[in-house]
Each structure stands twice: as C-alpha cells, then as structure tokens.
Amino acid sequence: MSTATPVSRFPVPELKDLPEDIREKILAVQEKAGFVPNVFLALSHRPDEFRAFFAYHDALMLKEGGSLSKADREMIVAATSAKNGCLYCVVAHGALLRIYAKNPLVADQVAINHLKADITARQRAMLDFAIKVCLDSAEVGDADYEALRAHGFDDEDIWDIASITAFFGMSNRIANSVSMRPNAEFYLMGRVPR
Amino acid sequence: MSTATPVSRFPVPELKDLPEDIREKILAVQEKAGFVPNVFLALSHRPDEFRAFFAYHDALMLKEGGSLSKADREMIVAATSAKNGCLYCVVAHGALLRIYAKNPLVADQVAINHLKADITARQRAMLDFAIKVCLDSAEVGDADYEALRAHGFDDEDIWDIASITAFFGMSNRIANSVSMRPNAEFYLMGRVPR
Amino acid sequence: MSTATPVSRFPVPELKDLPEDIREKILAVQEKAGFVPNVFLALSHRPDEFRAFFAYHDALMLKEGGSLSKADREMIVAATSAKNGCLYCVVAHGALLRIYAKNPLVADQVAINHLKADITARQRAMLDFAIKVCLDSAEVGDADYEALRAHGFDDEDIWDIASITAFFGMSNRIANSVSMRPNAEFYLMGRVPR
Amino acid sequence: MSTATPVSRFPVPELKDLPEDIREKILAVQEKAGFVPNVFLALSHRPDEFRAFFAYHDALMLKEGGSLSKADREMIVAATSAKNGCLYCVVAHGALLRIYAKNPLVADQVAINHLKADITARQRAMLDFAIKVCLDSAEVGDADYEALRAHGFDDEDIWDIASITAFFGMSNRIANSVSMRPNAEFYLMGRVPR
Amino acid sequence: MSTATPVSRFPVPELKDLPEDIREKILAVQEKAGFVPNVFLALSHRPDEFRAFFAYHDALMLKEGGSLSKADREMIVAATSAKNGCLYCVVAHGALLRIYAKNPLVADQVAINHLKADITARQRAMLDFAIKVCLDSAEVGDADYEALRAHGFDDEDIWDIASITAFFGMSNRIANSVSMRPNAEFYLMGRVPR
Amino acid sequence: MSTATPVSRFPVPELKDLPEDIREKILAVQEKAGFVPNVFLALSHRPDEFRAFFAYHDALMLKEGGSLSKADREMIVAATSAKNGCLYCVVAHGALLRIYAKNPLVADQVAINHLKADITARQRAMLDFAIKVCLDSAEVGDADYEALRAHGFDDEDIWDIASITAFFGMSNRIANSVSMRPNAEFYLMGRVPR
C-alpha cells in the first residue's frame, strides 16, 4: 500500500509525457479531489481510449436533466460493479455515492445486498433494473419498462439507467482485466461526518 | 421487416436535425456500406453519447499496430456478443467477420460454439480469454496472461482483447435494453462468394 | 473445409458396406437435398442407433396433425440447440427453418435471442416453453401448460413441443460429444431469395 | 398412491386397444418384472414414438460388447437423471442399478453425490464425463477423451457413455414435462438382501 | 463397506476417551437407534463443537410447539440437503422422514424433485421457501413471508423453516468437507412395511 | 437509521425479560464493544438457539491453537458472507477483520473480490477453499486438501476453515431470512487510524 503499489498491470506514463489535454484533465481532477484517481493514470496509457472513456463517462454522469440524481447514478455504479466483482469501481464510486447521498452507510449496503439497503422503493426498482441489465440484458423487455414507469421513470431515464450500467460494465471488465487498483483515499471518503 | 420496422424503442431524429459532425459520419458510412447501420441511427438520439461511443469504437477497432487482425477483432465481437444474447452485434459484426476473414462460415461457428469453429489455436486462446472477460472478469488473473503469451500475444494485445470485449459488452447491454434491430442487409453479407 | 474435413471424431463406413435400409435412406436424402447431411453419415457408424434415431426423428418432425407447422418445429430445434451450443443442429435446422418459414432472417434471430425475433406471440410462448424444457425441465408444471393453452396449444401440441425439444437435446449432446460437423451447404440455404 | 394415481398427465390406452407389437412388448415386460413400468404405459399414448424410444433404448442398454457393464450403464442413468431432477428415471434406473450391481447403497450414492460414492476410479471418470455431457456438452473436447482413455475406455465406450447420457437426457425431459410417475415397486427393489 | 470404512477424513476418538457428557449422549442414541449415527462419531473429534451442534439441532428439531410436524422438519432437511449434494444428510434424514411420515416413498421424492412429490400444497410452499433459503437467501423478502402465511404458517414457523434450512446447510458443508459417511443402516430404514 | 430502526423482522425481548445467562452475555458484550451487536438481540428471541449459536461461534472463533489468526478467521467470514449477500455479516465481521488485521482496506477488498486483495498467497488459498465450501461444497475433495497443505495448513486448520465457513453460511441464511440489520457503529470501526 506504499506509493510504490502499481496502479495496474500496465505502465503509467510520466505526467510530462502525456498529451496536453490529458495532462490538463488529470491536473484538474487532482486539484478538485486532492489526488489522482487511478483510473485516470491507468487509462492514460492509451490516450485515444482515455479521451473516449471520459467523454462517455461525462455524457452519462454529468448529464443535465432527467430524474436521476447524482447519488442515484453512483448508486447504480456501486450496485452493479459489486455484481461484477470490480474492486476499483465499488470502492471509488461507493465513495462518491456516500458523498452525493450524504449517507455513510448506503454504499456498503447496495454493494452487499441492495434488497436490504435503506433506499426508496423507486431506487429499489432502479437497481432491480440495473442489475438485470448488468447480469442478464438478453431478458430485458416490456415488463421492465412498465415496472420503471410505475415508479415515475420515463424512457429517457431508462436509457440513462441502462447506459450507466452498460458503461460501468465495460469499466468493470477493463479494471478487472488490468488489475486496476483503487486509491487508498477512496475507502474512507464520506464515512466520517464533518 | 418493412422499412417501417423501428430501429429501436427510441425515436430516431431526422438526418437534417442532427449536428453536423454526426450527420457527416452517418453519410460517410452510408456511402461506404450502401446503407446506414442502425447503431448509428439509434445512438444519434444522444449526440454526446454517439460521439463518445464511436470515438471509443474507432480507437479499438481501427487501431493501427498490435497483432490482432481486423478479422480477429470482429471474431471477438461475434463470439462474446453471442454470450450476451445481443442480436444486433452478432448479426452486424458476424457480417464484418465474414468479410474480413473472407470466410462465409466462421461467424456462425464462433457465435454458436467457438470450440467447434475452424479457427487457429491462437484464435481459440484469444476467444477463451475474451469469453472469460465477458462472463467472469472477476476471475481474470496471471494464468490468463500466461496462456495468451504462450500463443504469442503481448500485453498490449491482451489490453486490446479485454477492451474490445468490454466495449462490446457495453454495446450489447445498450442494444438489448433499447431493442436495437440489426439491418436486414447484414444477414447475407459475406456469405455469397463473389 | 475441404472434402477431407472429417464428419465427426468417428469413422464413417463406406456406403457399400452399410446395411441395405440405411444405404437406401442415405441415397434418398442425397437425391432430395443434393448432398448427404453429416448426421446420416455420423450415425451410420451405429446402424441400430441410426434406425432408432431417424424413426424417432420422423415420428416427431414428419407427424401429421397437430397445430405445429414444420417451421414451428424447426424453430424449436434452432432455438434450443443454440442454448446447448450445438453447431451441427443450429446450422442444419436453421437452414430448414429458413426454408419452411420462407424467411431468411428468423433462424439467426431465434438462435441468438428469441425475445428479439420477428415471431408471433404464440411462437414466443412455444419457444419460452421449449427453452424451459431444454434448460430446466425439472421446473415444468401446471403454469407452463396453462400458458401454452392460453395461446391455443392443446395437450398433444405440448407433448410435441416437449418431445421435439427433448429429442434434439439428445441430438445436441451426441453431436457435441462426437464433434459432428455441419455440411457447408447448410449455411447458405434459404438465405438468398429465389 | 392408490392404483388410481395417474401414470402421467396424458391418458393411457387400454391394453386391448394398443397395436399388437406394443401390447406384446408390454406383456413381456410385465411377465419378466411382475409389473408394467409406467414408461411403457405413458409412451403407449404415441405408438410410433414408443417404438423408436425402446428401439433406441435397447440399442444402447442391451448392446453386446464394449467395456460397459449393465451396472455401469444404469449408473450413468441414475447419476445424470438426478442432475436433471427426473423422479421417474432416478427411481426406476436406481432400482436396476442396485440389482445389476448387487449393491443396495450405490444408487442413492451416485444420485446424491457421485464424488462420495463407493465406486471405482474408472466409474468415477465415467460419471465425470457423463455429467459433463449432461450439463455442459458444448464444452466436451479432446481432454475429456484423454481422461477416459487413461482409464481404459476406448472410443466406442465413449460413444456409449455419451449416447446413454444423451438418450436419458431426452427421457428425463419427456418424463418431467408429462409428469411421468415411477411405479411404487421400484423404490424397494434391490434394497433387501435375499 | 466393511466395518473398517472410515467415518470421515478425521480420526474418531475411542468412546472411553470422550468427555462424560458426550459419551453418554452417544450411548443414549445407540440405545435408541441400535447403532451410532456417524455424525456423532465424526463430531466427537471436537467436543465443544459437538455440544453446540447437538444443542442447536435439538433446539430446532425437538422444539415443542409451532405448526411444523417432525415429518415436516425432516422433509426440509432431505430436500435442502439434496440441493447441497450432501450424502450423509440426505440418507440419514431421508430415513427419519420415512419413519415420521410413515411413508416409504416421500424421502426419495423430495430429494430428487420436490415438485413431483406426493406432498400437500402447504408442504410444497414450505419446501419452496426452504430451497430459496438454501440456494439464494439474499433474495428472501416480503413476498416469501406472504406466500407462507397464505398457507397458514405464522412468523415463528417461518423462523423455524429458515433456521432448520440454515442449520443443515451448515451440516451439509461440514459433512461434504470432511467426507462424512452415512451408516449403511439408514438406507433401508422406513422402507419396509412392518 | 434512528434508534427506532428494527433489529430484524422479529420482536426483541426487553433485556429484563431475558434469561439471566443471556442477559449477562449481552451486558458483557455491551461493556466490551460499547454497543450491543444486533445479532445478540435478534437471537435472544429464541433463547435455546441463542445459547447454541454463541457456543458454536465461540468454539470456532475463540478457539486456542491452530494456525489461523483471528484476522484469518474474520477474513473467511467477510469473504464468504459477501458471496451469500449477507449485509449483517459482511458489515459486522468486516469491522472485526479491520481491527484484528490492523488494516483499514482489507475487509472491503476481500468482500468485493478476494483475488484483488492485499493478502498473502496462504490467505488466498484459505479463501479459495472457504469460497468453494460456501458455494459448492459437494465438489470438495482430495485436491482441495492438497492445495491447503501446500500452504502449510494441517487437517485441523482445514476443519476450522470449513467449519467457520459452514457456521457463517448458517448465520448468513438466518440473517437474510429475518432481515437482521447491522448496527450503524460497525461501518466505521477500524477505518480511522488512531
């Protein structure tokens, strides 16, 4: 757990050797978070993939409008990444979930068993659908759309839930395959009341 | 199967109403393929996601260098998309596989059971790994890297196999969730010797 | 894919060395189809099993009466054989399905994901049941009978669906175990409009 | 459990109304066993299928030659039918296994967990393969053939193991689908030393 | 199967070397049953665990009150132990089930497929729940409680069903891990009418 | 998350109404931990089961001797309880693991994916075995014993690993079935360096 612990199985370029746009993005996140989440370092090994990954991430997670709160979006990530056994995403997005939800317990709850979590019926329906998209998307059909609409989600929200699940399913598979390591900082974030 | 068959559960914008860059990309693919694959139309509903999706796609599938041929890449997509029950991707990328491999049989073979397909031992190892990333990425580890290196893949190739699998795992989940429909043209492509 | 490609892991007798009835059946199918499907050659290695296999096959697939069309029967075979990963049966019976249904797309659709196929609600119920018999017959019960009756199937039809699924489940396991290879002719059959 | 208990969900013809060959076969088994196993009655509802079923059964189970004893064959049936949750076949063929093996315990053992059964290493390898054919035939390959050859099985024996498993996989699915009920007589057969 | 067959992978102490309370419990069961069930011998290797195991067992299985009969309790054990592939518990508790239920067939029936067993609708609901607790307890929720209440079970009964299932799930895992062998006497108990 | 949040679906007796020995055990744990873990309250509903449960727990978790450290034991609980989706046990025993291991990260790591955790090869082998006992104990055999012995575990250690896994498999099923809720105090325990 020293600073010598590798970020992943792959080499990480020196910041100075990175393309300008990537270096700036990394410096900006460091400025904001106080550290550089390892996903930025791991993916900087492939600049074009880095750019597309974060463009897609931002389109889904920073999107304005729709009825999904930031906490809802991170809740989808924490719950589905746990099903995929992705250490990086459960730890990193669990931290974000705690912060956005201002709830120190909910991230562990949805990662371990969302059916026992302190969430609303609407969030439960959202996670039921996300987990189905994660584990068995071939079976998704009309009944799933109906179940979500019954909780007030519209079709654009459903697209969002499905796409966030799908995007982080990609992220989970990459992180698992390259052994991407979560920064130690994430584990405690949002747990201690300020 | 008339032209009135919907592209997906979501509306498709008029070409004229699309942002310039997206319209141009769609016209370019139509020019090249003779028709517009439905994935372009379905995703044009969300321009930012469209751009990120195809940027990522192109970074992985049009990448120069590495030891994966274009046929190898499409073979990964066909085999893993079949595990995810994704009609769109098996049909569309099966077509591309037949064309790149100049082999009318191999796409059906790897989609149904890659262990019975007319492929090399190297391709078999590649698909064994891709299917593990697709179905059980949490279990990926050193032994998988060793198995691939034994067939001459280097670590950059392994990144490519994992990322292609992961990207299309995302694509499969989106396509399944929005009921994206493959164009009828794909089914016959590459089957009839010229 | 040359003519030297083996039919299966087991030797195939010379036509002249086969029992008269088996040779005649093989010559008849060759006359009709223009080639000898490999299942006839592979099973001719065991004449008694050959006779019983085709007697059972014909009793189920050539049966007069009942409400299952020939296309319906082949659709059951294509969809369930895909679940069993049987290259021979998906390719060979997919060809027959295309021909009987006069539909070049439906075989690939039901083999990849029957929930996204262009089939009727009645066919969907038929395949839902067949896939349950294929994958989890221990759970079949009254509710399954009711669901089929609601679509106009009577109990004799249900026997037919279950038995066709069961028979090809046997065929799938034999084909997978002996590596039975589909003839190259099947892949294109029924795909090109005449 | 009175004599009024139905044989299956389907009607059973009067003996006098059955075709001559089927009536004779039923009377012969009754003469030999002291009762008519319900599979004969249940399938008599479909004479052509009855004939093909028993022709196939006899070709596999009464076959001369090969290295599989009658007890070995019934052991395959008991072990794989348990995996399919088939009450009829586990009970009926468990009885035959006890009788042929002259062992009152082995049928329950292989049906519950063949890894804990009092069987030889050769029988264990035989059942390992049969269970793989039963549950995951798509994965059968060279390594399975090698494992069996290491225990002295030749390729004809492997065909036998695979085909017996496949045939009773069909039988299991039919029995489960029509709710075929084992005769009460089977449960105690071979359990009490004479 | 001689008397030399080991009770488990672990050594069994001499009766004279056991603590007084354990020796007395063993002698008492021998007095009552006519033999010492191997679970007593296997666990005597660990006296503290022996005491806790049987205290828990007796609290659940000998409990007064509630609506579960002794046969119901043993039925839960037989059905769920079969799902866990536990030879010891299916054989030993199947014997007890036959005796308490005065039914020579029901133990084999619920172990092979409880959906085809001669049991009441109430027992079917009880086993449906027990099997869910056994195989997928994370999914247990309100609907399961409702389904059981509809058959007249109260919440204390539900606790009993869940705890019996959970306790024998522990027993199954221990027995499987140490290869605990059922006494030959159990196999025939309760099968022959007196 | 107020103090009004129920401990489980079942009523909790007043402390004054509990049997003396149970009240004393509860007061002792409160004295030591600063709060009463809900498992003590939930099980106090059934005094005999309470006594047996904690006698078994203490025999396994407080056992002297053997090569498993207290951290090792809690690591087994955290990893296997996560496979069973047991919120109570992952949260409560994750806390104990962090404290015994003096490592704020390892509990989340083994609960999410033990293959990516910062643990020794010996601990990895221990968890591999525990997870097999948890998920598929029917398959445990000689090879598993050999694998553990290769890491220096003796047979008594193997009994311990198997029994701890089995005991908490019981605990997981009870907690899931009665919706036992982890105390809020556990989530943060052992995370903040002192």
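We call the chains A, B, C, D, E and F, going by the order they appear; numbering starts again at 1 in every chain.
Here is the rule we go by: a residue touches a chain if its C-beta (ideal position, glycine included) is under 8 Å from a C-beta of that chain, and two chains touch if they have at least 3 such contacts.
Note that this is a predicted model, so its numbers are computed, not measured.
S.K.: In this assembly, which chains make contact with subunit C and also with subunit F?
M.R.: A, B, D, E
S.K.: When A-B is set beside B-D, which has more C-beta pairs in contact?
M.R.: A-B
S.K.: Give a one-word verdict, same or different, on whether subunit A and subunit F use largely identical residue numbers at their interface, taking over half shared as same.
M.R.: Both copies touch with mostly the same residues.
S.K.: Quick check: how many Å separate the C-alpha centres of subunit D and subunit E?
M.R.: Roughly 29 Å separates the two chain centres.
S.K.: Just how far, in Å, is the C-alpha centre of subunit F from the one of subunit E?
M.R.: It comes to 24 Å between the two C-alpha centres.
S.K.: Can you check how far apart subunit B and subunit F are, centre to centre, with Cα atoms defining each centre and the answer in Å?
M.R.: So the centre of subunit B lies 44 Å away from the centre of subunit F.
S.K.: Can you pull out the residues of subunit A that are in contact with at least two other chains?
M.R.: 85-86, 113, 115, 138-139, 176
S.K.: Which two-chain combinations qualify as touching?
M.R.: Final set of chain pairs in contact is A-B, A-C, A-E, A-F, B-C, B-D, B-F, C-D, C-E, D-E, D-F, E-F.
S.K.: Quick check: in the complex, which residue numbers of subunit E touch subunit D?
M.R.: Subunit E residues touching subunit D: 1, 82, 85-87, 90-91, 104-105, 108-109, 111-113, 115-118, 176, 179, 181, 184, 187-188, 191-192.
S.K.: In the complex of these two chains, what residues of subunit C are touching subunit E?
M.R.: Residues of subunit C touching subunit E: 138-139, 141.
S.K.: Give the list of subunit C residues in touch with subunit D in this complex.
M.R.: Checking each residue of subunit C against subunit D gives 9-10, 45-46, 48-49, 51-53, 55-56, 59-60, 63, 84-86, 133-134, 137-140, 145, 155, 158-159, 162-163, 165-167, 169-174, 176-178.
S.K.: So in the complex, the part of subunit D that touches subunit F is made up of which residues?
M.R.: 113, 115
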